[in-house]
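By written order: A, B and C. Residues from 1 in each chain.
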Amino acid sequence: MQHVAGQLLVNGLILGSIYALISLGFNVIYRTTGVINFAQGEFVMLGGVATGWAYHSLSLSIPWAILIGMAVATCAGVLVDLLAIRPLRAASPVILVIITIGASIVLQAAAALIWGTQPYNLPVVREGSLPFAQVNISYQSLLIVAVVTVCIVLLSLFFRCTTLGMAMKACAENRDAARLCGVHTGRISTLTFALSALLGGIGGILVTPLLSMSFDNGTMLGLKGFAAAILGGIGNPVGGVVGGLLMGVLEQYATWFSSVYKDTLALAVVVIILLLRPRGLLTK
Amino acid sequence: MKPPLPPSYLSLYRGPAILLVLVAVLPLCARGHFSYLLSLAQLCGIYAIIVTGLTLLLGYTGQVSLGHAGFYGLGAYAAAILATVCHLPVWLAILLALTATGVCMFVAGVSLLRLKGHYLALATLCTGIIIYEVITKMEITGGAAGLYDLPEIALLGQGPLAKTYLIWAVVILVLLWAVHLTESPYGRALRAIDGDEDAAAAMGVRVFPLKLTIFIVSGVLAALAGILYAFVYSPSYLGPEEFSIMHSVSFLIMVVIGGMGSVWGGLAGAVVLTGLHELLNLLGERLHSTDMAKYEHLVFGALLIVILVFSRDGMMPGLRRSLLRLAGKGMRRA
Amino acid sequence: MLTVAHASKWFGGLHAVENVSFTIEEGALAALIGPNGAGKTTLFNLIAGALPLTSGCVYLAGRPIRNVQSACALGIGRTFQNVRLFREMSVVDNVLVGLDHPNFWTASLHLPGLLRAERANLKRAYFLLEEIGLEALATARAGDIPFGQQRLLEIARALALSPRLILLDEPAAGLNRTETTGLEALIRRIRNRGITILLVEHDMQLVMNLAERVIVLDNGEILADGPPAVIRADPRVCAAYLGAGVC
């Protein structure tokens, strides 16, 4: 006996963990460089599309395809940093926002030209699902939650325990002071984008078996991840994760009202929250 | 030392007067491809109105709106629905549509303008998408198929030439107003806000009311452009494709091309980008390519990045600086 | 004229300003000194309304200062520690910002009063620039003029508000001897107009030459408050800040 509300909740949490991953990508870049990266969603899209293409068109096995997907996403991140962000170091935040939008459009158009406009699919890790308290949890969903959790844990360990991670935190606190201490801020910026793009790409690879990925899905995914980061308070990684889960659940419950308008309703809620409590739901 | 007199405000009319002459004369010279070029000119004029508002918002108060195509569409569809489905007289429909847009901008601005720029960017991006989705999916707006047979406004007469004159008459009025605003203490206060908001506040500039006013005005101008689009440019058909996110970004690119600190630059940006779009279209037809739209997006996105990397305050000021440097005059602006 | 009553400002656990109280009479020239991190600029920001108080209140001529707008309206002008001019605008435009009272409709329609007001403001702006000695640079871009003159321009800009109290945040920082002497003369001229002056400074010679009253801040609290001679002799002040040379 299927429990609809419960199933929606579970689906929402699964989808939400992808948004959480995307919001982590936003927060990593924002905390280290102060840039809001509107191209984040395209990294997600590239991960999924490149993996799908490698799997279908190049007939590679899944592990190799995933590697290619992650590599493509990471390269895109590095390119965005080198070509668009670094040359504009001291520009105002407004200019940086516009630049990342330009990057987003370029990546999207490039993906359409290189890989075409058709959606790409990937096989799920294992068919079937686990019944649990009147809801069904597919094995793919379990994989998603597992991978996202691992990413979150590794990320916090990275920032807390490695020299590189601490260097990135130093950049976030105060760029000039960090530079004086010998931290290579330019390299850090590139690494930040690479890391964030990798996170996004992983998210894309995880979600493609469920939803399929085509060149224009990046915008919405990035937008929802960004909204998740803002909901949790921009710059607050934990908040971003919670915000992501919230966005996922919100979207699933919106399908209850109308599947046609589900994206619109989710975005409308985001706008309302921005109007009423823009600092995020988790800040004082 | 005797202070110089403030610039004669007559000089403000010089630009619009030149434009008036150009607008009066050029369409008459467009023989052969008469209708086609005129229709392009009409669209360009409509975009120029939107870009003027966006230049004031982005260039003078430093706020980013990523959803201006949404306000453009809001004006068009609100007026269209009020005039057709609700059978209101056209002038009333227009008035209500503009007022409604103004009220929406006020509500949004009051909450969002106190915050850092990326909140406004996200909110306007979401709003733009919401408006586009709603337009594409609701029956009252005709959904993806659009609305047909809207009442036509032909104040200066029928035919493409009269329509071009009508639209550009509005453009000239809007530019006239914008130039008056920017070349005044108000414009000085706006530039002070863009320069250093806190210092401006300390000098008695009422930052928030100014930002809010410009935000509302930019939205209402976009709505006005939408109304011109619906009732003058294409009254036989109004469809949602004109109001997508890509259009919002195009308007930004026009502002960036023209240089963010100048409304004349915005006009130039509108002309350049509309021309570029047409060029790419023609190229696509020549090459029998179906991918032209994607190449266009690629080019536009790359253009945005390249221009800003090359010159932080837009293309025109950057070109001007380069030309001056080449002429050996250095960068000091008197 | 200026009354600071039990003003405190806490940033989380950091008590930047702690229970500071003093009154400055009209027309006085007072200096606020203290080691770096003592809270001088924070106190300035509190008086100018740029930061909200955690507790206590600041009054100008009996009226409370709640925010930057009320500070401006009550007649407080200020300069900044790091010169914050409108760099892209011309020198005279920087001064005009303080003189203008822009109105959307007047500006849009260029109603007749506008030109008259502009002319009057322009005259006053040039008068101020002459006072400061910058009238030759009036049309230059503010970001391009030499640093010493940028500092002077900031003062001219603050004077444009016709303030009753002017707050000068380290006006001599980065100036050479000649420029500092010119600054000293300028501050005296401002004082002679009856404007109350409160300045933060590290240049002890300037402070001792100019100030009638010196308030010493240390760790957010007032350490000493009195005429320069008394402050100079105070052992606590010497220990905390002045150093053996001055004592």
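Here is the rule we go by: contacts are C-beta pairs under 8 Å (C-beta built on N, C-alpha and C of every residue); 3 or more make two chains touch, one makes a residue touch a chain.
Predicted model only: the values in this text are computed from it and were never measured.
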Remaining touching clusters (ignoring chain B, no chains moved): A | C
| item | value |
| --- | --- |
| Most widely separated chain from chain A, with each centre as the mean of CA atoms | C |
| Most centrally placed chain - per-chain CA mean versus overall CA mean | B |
| Inter-chain centre distance, chain A versus chain C - centres from mean C-alpha coordinates, in Å | 48 |
| Centroid distance [mean C-alpha coordinates] between chain B and chain A, Å | 32 |
| For chain B paired with chain C, centre-to-centre distance based on mean C-alpha positions, whole Å | 41 |
| Chain A residues counted as touching two or more neighbouring chains | none |
| Junction residues of chain B, two or more chains touched | none |
| Complex interface listing, chain C residues touching chain B | 48, 50, 68-69, 71-73, 77-78, 80, 84-89, 93, 96-98, 100-104, 106-110, 114-115, 117-119, 121-123, 125-126, 130, 135, 139-141, 144, 157-158, 160-161 |
| Footprint of chain C on chain B - complex, ascending | 1, 3-6, 9, 12, 177, 180-181, 184-189, 191-192, 194-196, 198-206, 210, 213, 332-334 |
| Residues of chain A defined as touching chain B within the complex | 36, 38, 83-84, 87-88, 91-95, 97-99, 101-106, 108-110, 112-113, 219, 223, 226-227, 230, 234, 260-261, 263-264, 267-268, 270-271, 274-276, 278 |
| Chain B residues touching chain A - in the complex, by the definition given at the top | 58, 62-64, 66, 107-108, 111-112, 115-119, 121-123, 125-127, 129-130, 133-134, 137, 245-246, 249, 252, 256, 291, 294-295, 297-298, 300-305, 308-309, 312 |
